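Shared chain: chain A. Partners: chain B in the first complex, chain C in the second.
On to the complex of A and B.
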């Protein structure tokens, strides 16, 4: 990890030894026993943020939407109780930095959260002339409206996505995405007759969560592991996956394994739809899955009847994300409509212009 | 004699082939038969029973068809050696075919020139249809010896595959593989004695065969990384070669390999990474892929165990396919016990092991 990034950390974290050199540019640290205990001496963070950070670290909140909204809610609490004697703009700026840095140390923030942080910081320009109470109210209102925009975006995506599901379709999805779940539930509520294939993979088995949500609604579901994708794809008419972000070169960052699903579908000319809100579009460019990723502590405790042998030459690798090259993706479903992945920079640059 | 039901307990192609060949030797030596045509019928009869234990598995029928081919070849040799004219022709053509014979000798591990001569002789000699009804006293001995040579050949494939290791694996390469293949293991271990390289093993759910393989490679001193199946496309960006084993090789040069291998091959194509298949030629099958070729499905409880499905998930359809079909255009090279071939050449090897008249088993 770069030295400046290491110095900015709020938590004293122990580096993880079994890490791969290939990923030395990414943070690889052991989970601390206590987060408050690991804090650097001179720094402190609001308890609501600490609670949120622990939830992120323990993967209690999954999915970039859920994480983004949870972060905004935590910011509201922080701002309500915020007291400072410094100049308003500088104080709020520092506070936002501190909160986000703590969350980053617990678990690297998603690109949507990064965009939210940038937009919050740019709002600080507007509170420069206000007093503390006025500034607080302004920011809290801004957060409320942001949350509302995200929820409205989700509703629109559900509508556009559900329109694209026809009777007799077989929709394939990977792991568990909030937006994809909404689209499927929405299409089912519209009375469409279709079935769903859920592709899943270890170690998280997130597909089971989605399965448990869809089956009670009477939706016909199939469940397979990723190795079976070649077998199941001939039955599939459309692939629908969620995204963490879409990069400026049209590459989609999504759960590890999505690239495989998109690639195999693309090889069979099956359309791949990615559902993503525009607030998650980021200016970064991703060429492969190694330049940006999240290395997770390998889960060596599961499946004890097939244990992983321990040997100094053997390292286990568990990655969180995958980058789907733009060529595999047919269309991105957003709240402004269905756009090709090559049009994503338009939104990113437009936001940069406005800010 | 062993029961034919025992065959279904063996899962690896190697074990199945060895057991089948042993059984066929026993049948040849213990059953009563007067001529090659009788033996042919007997073997086809038992062969059908063996194949019925696992109808989707081409490996069993490979071994049986191989033996049937041997019966034809050895019958031809016996016929030729019986007639004077045949012996003279054999001697006079010796010079002409000795070159070709030497070439074949190098490629095949079989030390008997006779088998190869009989093969070429078909090109040079008569091509009339034989009904295999002549009986020869030395035919049984000849056939049993030939089958034993095949057994030796199958036993020694790992040695011959490993000989080619250093041609293909170089220093600081990153090699990716999936599951556990003995051929790939032999190749990598041989290369590891002379060169330093890294291996990434995909653990392959739900069998997790890759875990044991990663341990084996690490034990041999190779720097190994174990990844989840979902990370195959991610890591392919840093891989130099993909080396996989297979369950069976099809006549068009395609593969019937463990589920998940198609992902490796397709990701390798996108990243322009060569895909090398390590196999013994006993896995070469004279069949072409069709829609339902690989309908073998393993138990769904490996994917979602029965306790989980009993509750909320009662109406889910769970599928756990055993095999993947990989088309030949995704493959770069076959490393086999008799040399390296390109996928487009594989069909030529069929003529050396199987006869089209035996396809009806």
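On to the complex of A and C.
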């Protein structure tokens, strides 16, 4: 499978040499070199997409929501300027494939982005009989409405999530998630009196970003490293985390470290709420964190400028995600309301029917 | 606003008349009557009338059953509106017909539950029941008609009297015990069977205080815990802990004389906590017996999503 993926690649990038054999089946972090220079000669990619890919690779855009919307925005630019002499449906299909493949080469796309790509491709069926300008307009309108639906979904999730925060609650969250931040800000704006505990871990320390956003709003925050989580949990009433995706077996894929948080909370019968838009639900079944994941550059801490010295006896590992079994999740907060993790396949099946 | 002065009286009368004293019958019947008397000419007007009448009912009877019953009615109306392609006259007559059918259907569904789930009661079994549920009584009755011999453990609480009366009338061997003996007897019992006031989104239940305790004991000892409930009790609320039970009533309780004497000496210090409802999470429930079938707790949300068709309106794809 890796050979096939390699042949599809548009960019010739140096794979990271210090990786572990056990995780060699996963997409590896690639050493950044010039992105345009490394491009295969027979394909060309729109500059807007190249800029976006570089941002993804350099982790300038984080969070699968932000990445999804950025990808849709880039698609709009691409379609606006798209010219072709080929048959409309085939040309657009190829273009979508090219753009997504380039972004995948820069950094593996998230499941939400994969779903967006599938739905975009299924719209191709509707433009078959149109002329180029008509097809462009149709697809751009479709993208606009998709972006709008995602934003509306986020607004509803904020509302439903904020309703689940009561006066006196102590909400624990991990790292930094866009929807979680929105829910906390929303509950605070509703006048709820509650505390937030931010659990963080190296090397990225994403929790600091969330802390910087919440403190100016006057929200009472605590900040602990993940090793101290058993110390702080007796004070906590609810856990609230975001998700990259929720799989068909109810398993939640989230930032590496979330599984520990969820398991510890579950052991103390503390409810775990996961906030996730339904467009990110995926048909895959995740049984562990090893079958699907992403190997990242080790030691990408912003604070630590010293790279780990290379040593033939030393291998470094930094995985992007981990998997929370569905049993540890009390509720998934979606734009259609609160649902148990076991009901996720309902939405996946609906999408499979529609597509 | 139209004249709704008759609403509360009508509701109270229906609840009293109904064989099972179920509030949900009162709600559906009253709202159907509201429809019949409504002078509205549009869907909007009709829904406004329903909303106003519902608010009156909730003001007077702020219980889970009234909330879920009125929500059920409103949701059915919205769905029917879509199904009937927004034909107002057709909608009105359809809703009135369904409202009138509701009680008949509810009785039929009670019999269906009894028929499906009486198979779980085998000859010679010992059952522990808690609280009083018309569905549970129906199931035991059906099992008896099938010639099965059962013995039942009933707790000595006010809420158990209808069940106790039923069992005594049928000459079923019944053992009375305090709820504090639930763990003591659990190993001797073959299954636990309770009803529910309301079934929540994740398949958990809200029921008489004490149900959660018995569920925990049953799970710890490995005894199946079954809930019998008609599907109109499914609601879209999602409590995450005991404090999130909506409209839990806390009783004004008079303590036993021994303690009362001590309290009277120092009344400001005496805090009392007497909730009437508790929430049993789905992982303590083995199966739910409903007229749409025998369900696992996770199937409740599937059914609710189907009923509310939420995903159709808000789908991204």
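Simple rule for what comes next: the second predicted complex is superposed on the first by the 341 of 355 C-alpha atoms of A that agree within 3 Å, B and C clash if a C-alpha of one lies under 4 Å from a C-alpha of the other, contacts with A are read in each partner's own complex, and residues count from 1 in each chain.
Methods note: contacts are C-beta pairs under 8 Å (C-beta built on N, C-alpha and C of every residue); 3 or more make two chains touch, one makes a residue touch a chain.
Quantities reported herein were computed from a predicted structural model and do not represent experimental measurements.
For the three-chain model obtained by superposing on chain A, do chain B and chain C clash or fit?
fit
Rounded to the nearest 10 degrees, how wide is the angle at the Cα centre of chain A between the Cα centres of chain B and chain C?
80
Classify the contacts of A:347 with the two partner chains as first (chain B alone), second (chain C alone), both, or neither.
After superposition on chain A, A:347 lies in contact with chain C alone.
Between chain B and chain C, whom does A:316 touch in the aligned arrangement: first, second, both, or neither?
first
Identify the partner contact of A:230: answer first if only chain B is touched, second if only chain C is, both if each is, neither if none is.
First partner only, chain B.
Give one of first, second, both or neither to describe whether A:273 is in contact with chain B, with chain C, with both, or with none.
The second partner, chain C, only.
In the overlay, answer first, second, both or neither for which of chain B and chain C A:164 touches.
A:164 sits against chain C, while chain B stays out of touch.
With the two complexes superposed on chain A, say which partner A:260 touches: chain B (first), chain C (second), both, or neither.
first
Of the two partners chain B and chain C, indicate the one touching more residues belonging to chain A.
Ranking chain B and chain C by residues of chain A touched puts B first.
Tell me, in angstrom, the smallest C-alpha to C-alpha distance between chain B and chain C in the overlaid model?
17
Can you list the residues on chain C that touch chain A in the complex?
Against chain A, the touching part of chain C is residues 201-203, 236, 238, 240-241, 243-244, 282-283, 298, 301-302, 305, 310-311, 314-317.
With touch defined as at the start, can you tell me which chain A residues reach chain C in the complex?
115, 119, 122, 146, 149-150, 152-153, 156, 164, 166, 237-238, 271, 273, 277-279, 327, 330-331, 335-340, 342-343, 346-347, 350-351, 354-355
Taking the touch rule as given, give the residues of chain A at its contact with chain B in the complex, in rising order.
Those residues of chain A that touch chain B are 20, 22, 201-203, 208, 211-212, 215-216, 220-232, 255-257, 259-260, 263-264, 267, 288-290, 293, 303, 306-309, 311-319, 322-323, 325.
Taking the complex as given, what residues does chain B use to touch chain A?
Touching chain A: residues 204-206, 208, 211-212, 214-215, 217-219, 221-235, 237-238, 258-260, 262-263, 266-267, 270, 294, 303-304, 308, 312-321, 324-325 of chain B.
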